[in-house]
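In structure tokens below, several structures.
Across the two complexes that follow, subunit A remains constant while its partner is subunit B and subsequently subunit C.
Moving on, here comes the complex of A and B:
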């Protein structure tokens, strides 16, 4: 008897739950696959936190078009094979409406064929220019490209009247793709590369390569990389007494670099997203309020911001705006609306996407900063 | 009768997509599991039967993958020809490597194969002009077999399933052949094997090459199926995972290796929902299996079932005897 009653109660609860589920509007499902663990965790972690934070905020304001947003997340651990399987899972099993993600270029590039086949919009948070070149119908990206970083550095060099540069890069994906862009762009800016040295990202000393560079007639040194290595390069340059302007990439635009390189970091220049120098922007800068608002909210919850979390903010906000304009989650309509994104003020810059440009950022999005007294200083 | 298990497995593999069409767990996870089965069954020949460890098996997997990727994208070779080229490359390298490397034993062999795996991985990362470097190589065209283009997940399921069944069938036959018996003799005692006239060096070389060929075959299919390869997919971790599959399923059993591969693939897929706790549960389960079923999941369970069966039947016999005794007594 008791068992029968229990079963009846159970069925009643199930029915009620079912009815509730139907009566509420279907949530908008946004899928994401990020590198929250593994070597690139310092990129993926702030991205995930940002996505969760922004979606919480949007839901608190009533969601989009009266529908709540649900985030489905998988951690790829920086493995491209996992990334592809997770994207298939997002599309086929979770049936998400749109995907924001791909922390690393490798992860993003791996899933492009599947996304194109499934016809679902993807907003990548990774850097490589290959993600949007050639333009793919369903693929967009919001992070600065390494080409932009190289161009920004060359612009600054040209302003200073320097044209003989030595390049030194690591063996990681970011380093290699940065090196390629530097080599490609150098002739356009009338630059001569007098050295092209490389090191292993786990090396603890780069003096050999730098000694070779010292023997050339280089007028400046460019180093592309992230993590420990660029800090060691910077220190080694100081130790060897090489007195040349040093340029780093946007990969080191974090406080950690300044801490690691210490005094040697003084005078180092690098292109950085406006987020790290938000307070120094003039009040007339349209980005300033957006940057400060994001920074304040993120730092209140999770500690110092990074540009990578900013990319996630841009990605999810562009998606949200597009869903609002599309008036629903029809995939083709959302795609069209993402492509029509124009004048959107994000953390990375002002986005103006077109049919031919699925990123829509220009060089203005980067600020050339110099490290002075252990802090970033805009130098343009 | 010898292949009864094989046919049961084959029927299950064929029925799955018919019973659950378009199910994520059958098509997508099934494809991943199928590729793992091919790799694990190949590695099991080397590890389980011949008793030689390899911590660099992902390297051969990668050679097949990159051969197909590079030849189809840069030189417009047809897929099947690139696949054969991949087999040739992996087979030759395995053959050249086998003699010096398989002279080593135990930890030394583990170290040597480990080093080999890492070297190949470094080449994939560094030879940017060929391999596309750490970001990988994309745009691999779908596989074309006699005018039939394999593109959708369902089609891939059938191709991978057929390849997997072929490999299992081959493995079962190798194990039951003269070479198979020689392999087991080598595992038991190399000296004893030599004494009874087995050319142990040759036997070990053969099995190493076969195992590398299986891995390269899987690699080529993998490259076409993913349409993208990158060094991540052929890293040291993958080699370790493969060894885990073989040990988990049960060494020296083709179905054991297959079972281990399927179990680990499903486990990973099932645990994804636990997010942060995934690795803890994953590790805990593996430890539990190794403590309570040291012979491996498949071998341990089948042995358990057999023992249970024997226990039941012996009890029944005993009862029957008792009954008989009773009737006689009456």
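Moving on, here comes the complex of A and C:
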């Protein structure tokens, strides 16, 4: 009996010592909630792979401030309510130090009140401008906004001397938010919208809407959306013999779009992050080495890169830099350091965050590209 | 304006015939066991995705299509053998729930096998639009239309003219009696699932050049196909076709003449109206009489 009790005490002491030993170099816990399944899976999938890859690299180099990084991930499936539950769990149960994530704008917007309440830094990977406008103390984002995309498209239209545009958008959050920005910005650029059509993101034929657009005096067509629908729109435009310049959004800046739309994609223009045209950038471009390095590493492991994975790279790297500068995981210090991010060269552009701008990208971060011979060409 | 309406109609018929093809697949299993197979959309997806994968592996298109159809039929058969048959004697509702589970399972397997991106299948005879009195349509639409006509004819002939088809119908009316007259109900059910899966696969392969395919393409196609089937009267192959075309044309006219935002609402209100006034579907009276 005594021996048994002694053994038990011994084990208990060992366990306690073990726990203490761990706490000395306790890992930095980074939480993330991404859409790895569901309609937005093609966004969240490369994001998660990128986060895992970057964290593996950082850990192989000894971690941050001598501490390893641990990633805690939950898949929201694109359901904003789930996103909120998972973020609560990340904060309360997993007790993460910082959160990188929110693949979709819906997921990100849903968790903002909780994050603000818990006073924990959040770096969102989603597009909608509402995430950082108005500025929230603890919320940052790294993906280009839909407003930037709309502005870039209008700039290009103005250069070509076109001002009557037809708009066609899907029924998703990204589409709707993009549509709003287009409608809002059009007067500023002297654009007249002659059509404003919509479709369901899972629809298989948009010729009806495009037939209506064909009957207007539009000089160009703008399609805001992601997934397969924009590819169908592009094919349908060709099918109906509409010979107008077609603009897509940054939502389709992946090889998949070219594969899906095939020949019909020729001549389509869209604002895209420099990642898709990394090789074409002049050697003097500061982004080039960063882009090529990320691309090379990702493609060696997982196949073609997408700009969305790039956003995850930017998010985790900005977080890592901030943790290094903060010298630890004090939440307020990390937040301050993220806000001080300046001159950080990411895949989406050069980030210069301020108190008033929790994204820190300017229009220069977008390149206007055209699809020629099945590949992206910079047309600026 | 007339030209526009004509184009709307062409669009409606193209989409409608895809719905019809998918809806057709519901008929066989329903006829054999009164079960609505909610994995039917996944058969459509499997057919398309397998064809795309085989094409990518270097097989010629025709061969890839045939192999994909056979493989999907085999999947349907295995599904019946491994998931439906062990639940022998369970109520219709239980079986339907099993098919929902099977659908989720198949979707998961597809996402692991082929990833989460949409994938294209090249059109069978080019992408050069055909001009029809001001309206344009793709050659692939004709393939879909032709496929629909052919498969409906075959399904109808199979169910009404062949002994095997009649035996299949008998299983649904009264399994015990069918067993007594020497019909092997188990084999009939396997056959129904296999054939349904094959039909679904053909639908998926014919439609994929227009719609593309992805691991979850089956959800929407399955839903629309199911709507087509119930509007027309589930179990009646002709009904599925009529329902599909009606749904497609209504969607296109609704989007074109009223508002593209209300496209689905218009179609689904129509489905509700049909179910309200004709619960057995537009062409479903026969089924009701036979029961």
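Convention: the second predicted complex is superposed on the first by the 359 of 380 C-alpha atoms of A that agree within 3 Å, B and C clash if a C-alpha of one lies under 4 Å from a C-alpha of the other, contacts with A are read in each partner's own complex, and residues count from 1 in each chain.
Definition applied: a residue touches a chain if its C-beta (ideal position, glycine included) is under 8 Å from a C-beta of that chain, and two chains touch if they have at least 3 such contacts.
Keep in mind the model is a prediction, meaning the values are calculated, not measured.
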Problem - subunit A as common anchor, with subunit B and subunit C clashing or fitting - result: fit
Practice task
Have a look at where A:280 lands relative to subunit B and subunit C in the superposition and call it first, second, both or neither.
Solution key: neither
Practice task
Once the structures are superposed on A, label A:79 by its partner contacts, choosing first (subunit B), second (subunit C), both or neither.
Solution key: first
Exercise for the section: State whether A:65 touches subunit B only (first), subunit C only (second), both chains, or neither. Expected result: neither
Completion exercise
In the superposed arrangement the C-alpha centres of subunit B and subunit C open, at the centre of subunit A, an angle in degrees to the nearest 10 of 60
Practice task
Could you tell me if A:92 is touching subunit B, subunit C, both of them or neither one (first, second, both, neither)?
Solution key: first
Exercise for the section: Please indicate which partner A:163 is in contact with in the superposed arrangement: first for subunit B, second for subunit C, both, or neither. Expected result: neither
Problem - Touched partner set for A:352, first subunit B, second subunit C, both or neither - result: neither
Practice task
Have a look and say if subunit B or subunit C is in touch with more residues of subunit A.
Solution key: C
Practice task
Classify the contacts of A:177 with the two partner chains as first (subunit B alone), second (subunit C alone), both, or neither.
Solution key: first
Handout entry: Closest approach of subunit C to subunit B (Cα atoms, Å)
Key = 7
Practice task
Touching subunit B in one complex and subunit C in the other: list those residues of subunit A.
Solution key: 171
Fill in the blank from the handout: Touching subunit A in the complex, subunit B uses residues 22, 24-25, 27-28, 32, 125-126, 128, 133-136, 138-139, 153, 226-228, 230, 232-233, 235, 269, 272, 275
Completion exercise
Listed in rising order, the residues of subunit A that touch subunit B in the complex are 73-75, 78-81, 84-86, 88-89, 92-93, 105-106, 109-110, 112-114, 128, 130, 171-173, 176-177
Completion exercise
Listed in rising order, the residues of subunit C that touch subunit A in the complex are 4, 7-8, 10-12, 14-15, 18, 111, 115-120, 122, 127, 129, 136-138, 207, 210-212, 214, 216, 219-220, 251-252, 255-256, 260-261, 263-264
Problem - In the complex with subunit C, residue positions of subunit A that touch it - result: 37-39, 41-42, 45, 171, 197-200, 202-205, 207-209, 211-212, 215, 227-228, 231-232, 235, 238-241, 256, 259-260, 262-264
